Amino acid sequence: MRKLWLWVILLMSFAPTQAQTQPITLTLAAYAVPREAYAKIIPLFQADWLRQTGQEVIFEESYLASGAQSRAVVGGFAADVVALSHEQHVTNIVNAGLITADWQDNPYNGMVSASVAVLVVRPGNPREIFDWADIAQPGIEVITPDPATSGGAQWNVMGAYGAAYRGQVEGYEAGEAGALQFITDVFINVSVMDADGRESFLTFERGIGDVAITYENEYFAGLAAGGEYEIIYPSSTILIENPVAVVDVYVDQNGTREVAEAFVAFLYTPEAQAAFAESGFRPPVIQIDPDIDVTPEVEPTPEATAEGETQFPVIEDLFTIEDFGGWEVVVPSIFGDDGIYTRMIAEVKGQ
Amino acid sequence: MMQTRTLTTLNTSRTPQMIFWGVRWSALIYLSVLIALPLIVISVEGLRGGIWSFWDSITRPAALSAIFISVWTAALMTVINMIMGTLTAYVLVQYRFPGKRWLDSLIDLPFAIPTLVTGVMLILLYGPQTPIGGWIEDQFGMRIVFSSPGIVLALLFLGYPFVIRAVQPVLASLDIHQQEAAYTLGASSWLTFRRIVFPAILPAMITGGLLSFARALGEFGSIVIVSGNIPMRSQTAAVYIYGQVESGNLAAASSVSLVLMAIALLTTLLVDYLARRRTAHA
Amino acid sequence: MRKFVLIGLVLSYAGVLLLAPMLALVINLLEYGLDTIWAAITTPEALLALRLSLILALCSVMINTVMGVLIAWVLVRHQFWGKRFFNAVVDLPFVVSPVIVGYVLIVLFGRQGWLSGFPVQLAFSTAGMLLVTVFVSLPFVIREVMPVLAAITPEQEEAAFTLGASHTLTFRRILLPILWPSILYGIVLTLARSLGEFGAAAVAGGGVQGVTETATIYVYRALQDRNDVGAYSIAVILGLMAVGILILMNWLRPQEGKKHVD
């Protein structure tokens, strides 16, 4: 017995020296939704890095709501790489002085995956919902997360708001007044606002609501998990883009810059993008051309493809947050303490 | 051996003083650091923008209604549990029946079970896809989970032991003979209860009720799962605070926390006062 | 007659309120079959989460027991300015929203926090999680010990003193036996509260899988990942621990009624 212990101790003390190089630990702080995608990508990257450098990479992964993750990193959570749902959350880290390099300096503007805001309904679409206008009808129960806590919810609100603003929602005038009227009518119908996007969709899965405003990838993830519902693509909706960045101050502190940058670069490789596509994410859009092209670069996977359809249909009128001035304008003017949304929700639910 | 003995006897004259001060200061410093530091942070953050911005933060409609919802759901729970808790305590003390021991131990369950698990359990029981939740929604058109009844239900679970554990010992110590005397003297049992038992246990009922009230105000783990989180409708203050923290609005979060704490502190002071009065009377 | 109505009423209320939700959880879990459940419990992440929860709870029990008895002693026996204030604020951890507790830790010890020069890494570490757990479970031992301590007359202690017993000896021989049941009950409550802590630990630790993820955080995340088996099985384990704690409580609960003999 005593001998066995000696052996164990002996082996343990030898183990590190036997390896050629010390393993390196990389901390990834991501938002909750792409967890399945990263579960596939990380082993690929580990193998790749081992092949190239002979070094083992150990991952420490944290998945939280995007805003919480951003705050944690600002507060001292020394993550090497952040993958968030919302550009503003990276901007907060930049403003805290932790990201010093231009993280958007690549053809994709620092965005690693994309999606669109969509509507998801019950099987057979019993409430006959075909576009934005239908979810503002009286008596339709709508589920969407809370924009106060969820970056994803802000995308949803901007999808609805933007479509109406652009005059693409039947029965509502183009422009600010019509858009405000539209989201007002929608939020009258909202019955549950969960803290984040995943939780909100789970509430819908648990049988609450006629329609969920959510992201395309969330629908595909649910489908892969055996969920039964149908996706409705609005004729006009917003392109959701998810940023990824290396946190400069922390990688220099941890001595992980090389591997962190390699990991971020790896996320754009076809293998990694295929994993994203399997989880329902569109590839990021090359942003050199202002005319946005969302044709998928990645072959759709068979299991996620519905009969005859391509995985990522083209949206008739696809717009981006830049059309509204970018998040640095939208966050205060729409979601700020005195923003359009904040005032609207207090009024709608206050009656 | 001999030496250590003399040492201790020698020390007794001097050490008490030192131990006395040491104990007092270590306890008070520990308490101050652990309790006062968070309190200071919350106050400073809440009042950083001046009293007006504090006032602004707490009078914003969503904040005001969140505080209001927290208070009314907690109050409703308190009232129900004061009645059911007292009844339970009464049954536990007065009657013998099979399963009594089981019931008695079951009552502490809410103290022991993580509140997050409570939330999960309630969803599994009353969720719209479960037989019970579906039936209630069909029959009464009422939704339990993801709505305010869910909040009250979670709080009822949470607060159940408080009143019982406060009332039980008082009831047990009541002079049974006093009751019996009143009873044999022709007073109905209801009258006995009202005239003799009730006044004796009322302070304990209130103490237990207020404790559960204070506990319910800050509840988060189960509510975050069970409530619909609709601002102005089913968003409690604790969840509102969470939302404000999440969206980086620490000042608003701290302001509402201060209000919650003030309400809770007043409640505990009231408990303290009632307890003091009770011991003074006894 | 009335007796049975009352008993029936209470039993059904307790049954609906307390038992039914537990049964719902267990039934939902058992539908997955024992093999799946076992596999879900024995994933490294789940085991690490359970281990962290246990370590945090045990450490918090140790700290809160020692300091709790000391504080109770000071609050009962000593007279000093501000005593009533201290007495009132002891309950504060019951009522502060746990999310705020976690956030305060970050404001204090996070990067560029008020006390960021503190030598120990507290924000986003298990040490910080221990600190918030100690905070939220602070009042239990104090509140259990105080009334019992108040009931012991100082004369009893002094009598022991004058008979030549040292302070420690007095404490060990006279006080501890009397206080022990209430200390134990406080310990059990502290243990339960620490095991169940969610909001504060999640914010303070950052929720890194396998590093700062406790069992309750694991349950929350597993639900989000649609890993229902994982969530329900760890929830049931936490529930079973709760039942274990419950049995201990029932054993230890100060039987004030029975003690009421003059």
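Note that the chains are named A, B and C in the order they appear, and that numbering of residues resets to 1 at the start of each chain.
Operating definition for what follows: a residue touches a chain if its C-beta (ideal position, glycine included) is under 8 Å from a C-beta of that chain, and two chains touch if they have at least 3 such contacts.
Just so you know, these numbers come straight off a predicted model, no measurement behind them.
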**Request:** Could you quickly compare A-B and B-C and let me know which has more C-beta contacts?
**Result:** B-C
**Message:** With centres defined by CA atoms only, which chain is the most remote from chain C?
**Reply:** A
**Item:** Centre-to-centre distance between chain C and chain A (centres being mean Cα positions), rounded to whole Å
**Value:** 36
**Prompt:** At what distance in angstrom does the C-alpha mean of chain B lie from that of chain A?
**Reply:** 39
**Request:** Between chain B and chain C, tell me the centre distance in angstrom, where each centre is the average of that chain's C-alpha atoms.
**Result:** 15
**Message:** At least two partner chains per residue is the criterion; list those residues in chain A.
**Reply:** 68, 71
**Item:** Residues of chain B engaged with two or more neighbouring chains
**Value:** 224, 242, 245
**Two or more partner chains touched - positions in chain C** = 203, 223
**Message:** Quick check on the complex: what are the chain A residues that touch chain C?
**Reply:** 27, 29, 32, 35-36, 60-64, 68, 71-72, 74-78, 96, 196, 198-199, 202, 222, 225
**Prompt:** For chain A, which residues count as touching chain B in their complex?
**Reply:** 65, 67-68, 71, 92, 146, 148-149, 190-195, 203, 206-208, 335, 337, 342, 345-346, 349-350
**Message:** With touch defined as at the start, can you tell me which chain B residues reach chain C in the complex?
**Reply:** 8-9, 11-12, 15-16, 19-20, 23-24, 26-28, 30-31, 34-39, 41-42, 45, 84, 87-88, 90-93, 95, 97, 99, 101, 103-118, 120-122, 124-125, 130, 156-157, 160, 168-169, 171-173, 189, 214-215, 217-218, 220-221, 224, 237-238, 241-242, 245, 250, 253-254, 257, 260-261, 264-265, 268-269, 272
**Item:** Footprint of chain A on chain B - complex, ascending
**Value:** 60-62, 65, 123, 127-129, 134, 143, 146, 224, 228-233, 242-249, 252
**Request:** Spell out the part of chain C that touches chain A in their complex, as residue ranges.
**Result:** 106, 109-113, 116, 123-124, 203, 206-211, 221, 223-226
